[in-house]
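These notes open a run of structures that come right after.
Here subunit A shows up in two complexes: once beside subunit B, once beside subunit C.
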Partner chain A sequence: MWVAGYLLKRIAFFFLIVLTAATVNFFLPRLSGQDPIRERMIKQVQSGSAWGKGIEEMVEVYNAKFGLDRPLWQQYLTYLGDMARFDLGHSIAFYPKTVKEILREALLWTIGLLTMTTLLSFVFGTFFGALVAWARAPLWLRSLAPPIMTMAAIPYYLLGLIMLFVFAFELRWFPGHGGYRIGTIPNLSWRFFLEALEHSILPALSILLSSLGFWAIAMRGMMVTVEGEDYMTLAEAKGIKSSRLFFDYGLRNAILPQITSLALAMGYVFSGALLVEVVFGFPGIGTVLFNSIKGVDYPVIQGIVLTIILTLATTTLILDLTLPMLDPRIRRQT
Partner chain B sequence: MTPQPRSNGEAHAQSAALQVRDLRVHYDTPSGVVQAVDSVSFSLKAGERFGLVGESGSGKTTLAMALLRMIKPPGQIESGQVWLGGQDVLALSGEEMRKLRLAGIALVAQGSMNSLNPVTRIRRQLLDGMRDHAAAGSNSTDNGTSAAKMSRREQEAYVRDLLARVGLEPQVADMYPHELSGGMKQRVCIAMAISMRPQVIIADEPTSALDVVVQMQIMETLRRVQEEVGAAVLLVGHDMGIMAQFVDRVGVMYAGKLVEVSPVREIFSRPLHPYARLLIECLPSLEVKDTLEGIPGLPPSLLERPTGCLFHPRCPHATTECETQEQMLDEVQPERWVACHRLEQIHNSPPETGDQ
Partner chain C sequence: MTMRSNGNGAAARLNNRSPLLEALGYLRRNPSLAIGLSLILGLLLFSVVGRLLVSIEDASPLSAPPYQAPSAEYPFGTDKVGRDLLAVMIVGTPLTLRVGLLAGVLGVGFASLLAFAGAYYGGILDAVIRLVVDVGLTIPSILILILIAIALRGVNPTEMSLIVAATAWLWPTRTIRSQVLSLKERAYVDVARMSGMRGREIIVRELMPNLIPFIVANLVNTTASAILATIGMEALGLGPTSHPTLGMTIYWVILHAGVLGGYWWWWVSPVVIIVLIFIALYLTSVGMDELANPRLRRSV
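Moving on to the complex of A and B:
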């Protein structure tokens, strides 16, 4: 019985978040007082690619084209309708490319790089942290702790720069820029995949190495706390095997806060992508966001912000739905 | 069996369920060595209920955990012997010790809210201990129960039986700890403790954190199942009322040492050791709080322990001899073991200051 009510509540909450975010996303740029079309025109005039004369007419034509001449509430309703169909309109900078197309290309790269590294570092970091806290774990493993935890103190973009310098510029082991070679056209071949993989190693490694320690530190702390709990003492007094003690009593309990953090981290994947992608010139969503902010490309910025919010809301929803399965105590509170 | 501190004891080890000899445990802390258990000797007959009392910090929990060999660093079992039936507990390998826990010697932990794994069902927690004792024949207990060898249906019947023994409904098996009351949780813990029919059950303040009515129910349950499986019980506690009703004999601990071991009736009607006397006579409510208001002075710091009789700074009968001479536990009357130099003077002369 509680399941149905709980599900409904969570899903309603999901839509509420998305709607609120979409609304803010709509109004915020319009409050900034910038006029994207005019600014773009002026830029083009300055760079000599358009005539200064007739600029006002062109601004009007484009405003009409993008619907920017209509009253705000009308724009808002149209916007909501478009959002529901995930129709994000056209990019201003790369007209007539649609925002959807731009996002789709970039998302693939970002998901491949960041989702994978986030998941991998979660799995390894969490497990490693749990073992470090486990007095029965082998010594060599526990002696790996200090270097890995130190790495967590270095911001990943800094680690990225260091790796870029050492492995790309000095040693020349890996390419230092982009997601594939200049001149290659992205396609679905095995060769292209390997090329992309080669380009992903440095950014992936810098994220992995710097976030591994983060997960490990948090997990070690939780595991130490759990090891002090009465149920651990009683379990040991029950003659439970060490492995069961570790997984069933220790890990099962210590991992609960980690899973909350993972959901948040997954939500932040795209926003966190920005710096690494810019450092490595990786053609993912971070680079696109960077460029579209520079180019005042509202539709793309909005599209990306909306994507970030959607992923956050989705991961929260997934978290809300999975955590009660892992922690029976949550079921009661809802 | 009474304590046999100086006998060589192989024979006694056979007849007693548990025999402890000259057990010493200390904690190596930054501020010095804390001698938490100091040359403690006592034994439990099969099926006997033995109560361990003393102020908080007197080493009761340390003693209990040492019997399970679960002293954690900075603690260490220094010397002594622990015999469970015919087994030399301190000589077992780690793996043998693990198998002895639950099967030979089980723990009922403090009645706190937190002794059960919060994320798994009761059924699983009732069975997992037995599962991990699956390899046949390596422990000395004569029970044939091994969850690994049971079919699903047998396991279910076994869980039902265990729950019924402690007065719980079968549905409890499907519940999680947070769905149970404190008393129910403690019943589950008792069910676990008897699940492999151990020779000895250690119950360390099993009813603290429970209200009085529930306390009595839990103690009754413990007594019933303990008699059913024929286990001896070492009950650690500071509630004298419960002690008086539940145990056969009482051991009084002071600063890591046993100062008196006597049958419960006699120690309540006529305690011999001055500390035991203050402990029992000065308690209108029959309940020892963390500090004993009735006894002048503070419990000694186990870091800087007094010389001679550890109780002398607080003892109304202390003489200079007490300050230098240590006194061992001795059988001063049949079945009554006391560690005090001046018993005869104290109990033959008219009452002095501090007495009634």
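Moving on to the complex of A and C:
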């Protein structure tokens, strides 16, 4: 019985998030009360590519064409319909390319980069955090804790700038810009994959190093709590091997909240990674976002906002649905 | 009788120590807080002293030759359009702190209001607050901020604080609310209720004083996230355009490929200052945590 209720609640929450995202996406840009068509026409007149005559008529014609003359709630409903079909409209800067076309490719790059770094950072950070809390861990390892935890307080892209300078400019070990070499056409070959991998190393390393501390801090706290439990003392008194005590008794019990926070952390990692991509000119969502802000390409910006939220909401939903399988305690609560 | 006068004497002696000395004594026992606060103080001092030595008008374009490496005349070098980077840092550092602090205060203030009202009275108000917070925290705030900023186009620093505050209240609302929930079950709250205190009185006189350290600790965290968001927006080209800021310098570096161009001084000074700000706030927050909740030891 609990399964159906839990499932229903999670799925309803998913749709609520998507609806909120679409609503925010529709209303926030309209907050300023600007008239996008008139603004664009005036810009055209100023740049000399159109005459000032008949501007009012043109504004009206375009407003009717884009449905901007209808009442706001009708526009909103139309917009929601478009979003339900995932019709994000056309880019202004790269007309007639659709927003979907632009985002599809970028999203692949971003998801590739983030899945890799998040998983690695989760594994290494969690393990490191557990070791730091473990009194029997070697001293050199525990002395790494302050720098790594402090690094977690620094935005990812600042580390990116430093990495770019050291490894791409000074040492020239790795390429410093883009996702592949200039002149290469993206394809599905082994060689292209290696080239992309080579270009991803620096951005991935920046995100990895600056996000390790986040997991380590959380894990250390949990591990300290678990170490104080009675069953740990008992296990130790029984003479259980230290490594078994660490993995089976400590780590295994302390790790569950980490998996829960994975869902929450995804959003944080996503926003941090946006600017890392920009620093390295990595062809993902972040770079597209940066360029569309520069080019005032509203449809693309809105498309990105919706896509990211949709991606995150889906990831959260999947995590929420798999979590009860891992942790019997959650099953009992809900 | 003698016992009591002795006790009073000891208390009086303790009270006689000036609050300043007492604070300094506490800082010695809490090095994270001490280092964090002195770093912030140092950054403010840098800006105050800097204003006396350097003309801040040099922070605008064309006040120096472009692309000058650090020298006696321009200790931090100059950028592509001839801003004196030392002047930019002197203007930008306190500006960043101010924008973040204002957003933090607004965010935590609003959050406390919602958290106390929601958690104490419960019911439908609490349910709505909880739902809004849950949904809001799933959506990365930077996306909301980007939408607001592009709609407004060209903001000043105060408006920037207001924009950032629009999402800054979500996290503190959640944490403060959960604290109030556990606090209101304590026996002394029951006693207050039974002795005839009303809801608002209990919140203001019984609950709030107990949570002030916790709220201040939250303020530090919220300010840090607000600064993170502010600099991120500026680096995306969405910050205040009328003032030179730290994030905007990063924006120009990225836009003109300053790192691969070899102009290291262009990005080193903003990066160092931003890193110092975040380390300072992180240490302050660790120290504050210890102050707010001595049982929780997580000193670095």
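Here, the second predicted complex is superposed on the first by the 255 of 334 C-alpha atoms of A that agree within 3 Å, B and C clash if a C-alpha of one lies under 4 Å from a C-alpha of the other, contacts with A are read in each partner's own complex, and residues count from 1 in each chain.
By definition in this document, contacts are C-beta pairs under 8 Å (C-beta built on N, C-alpha and C of every residue); 3 or more make two chains touch, one makes a residue touch a chain.
Since we're looking at a predicted model, the values are computed, not measured.
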Contacts of A:R252 with subunit B and subunit C, given as first, second, both or neither: first
Larger contact residue set on subunit A - subunit B or subunit C: C
Contacts of A:R85 with subunit B and subunit C, given as first, second, both or neither: neither
Touching partner for A:L274 - first (subunit B), second (subunit C), both, neither: second
Partner chain(s) touched by A:L264 [first = subunit B, second = subunit C, both, neither]: second
Subunit B versus subunit C as contact partner of A:K294, first or second or both or neither: second
Touching partner for A:L326 - first (subunit B), second (subunit C), both, neither: first
Which superposed partner A:L234 touches (first subunit B, second subunit C, both, neither): first
Contacts of A:T20 with subunit B and subunit C, given as first, second, both or neither: second
Residues of subunit A defined as touching subunit B within the complex: 229-231, 233-241, 244, 248-249, 252-253, 256, 326-329, 332
Subunit A-touching residues of subunit C, taken from the complex the two chains share: 131, 134-135, 137-144, 146-148, 150-153, 224, 228, 231-232, 235-238, 250, 253-254, 257, 259-260, 262, 264, 267, 271, 274-275, 278-279, 281-282, 298, 300
Subunit C contact footprint on subunit A (complex, rising order): 13, 16-17, 20-21, 24-25, 28-32, 34, 145-146, 149-150, 153-155, 157-158, 161-162, 164-165, 168-169, 176-177, 217, 220-221, 264, 267-268, 270-271, 274-275, 278-279, 289-290, 293-294, 296, 298, 301-302, 304-305, 308-309, 312-313, 316
Parts of subunit B lying in touch with subunit A, wherever the complex brings them together: 68, 70, 98-103, 106-107, 109-110, 112, 114-120, 128-129, 132-133, 176, 178-179, 189, 192
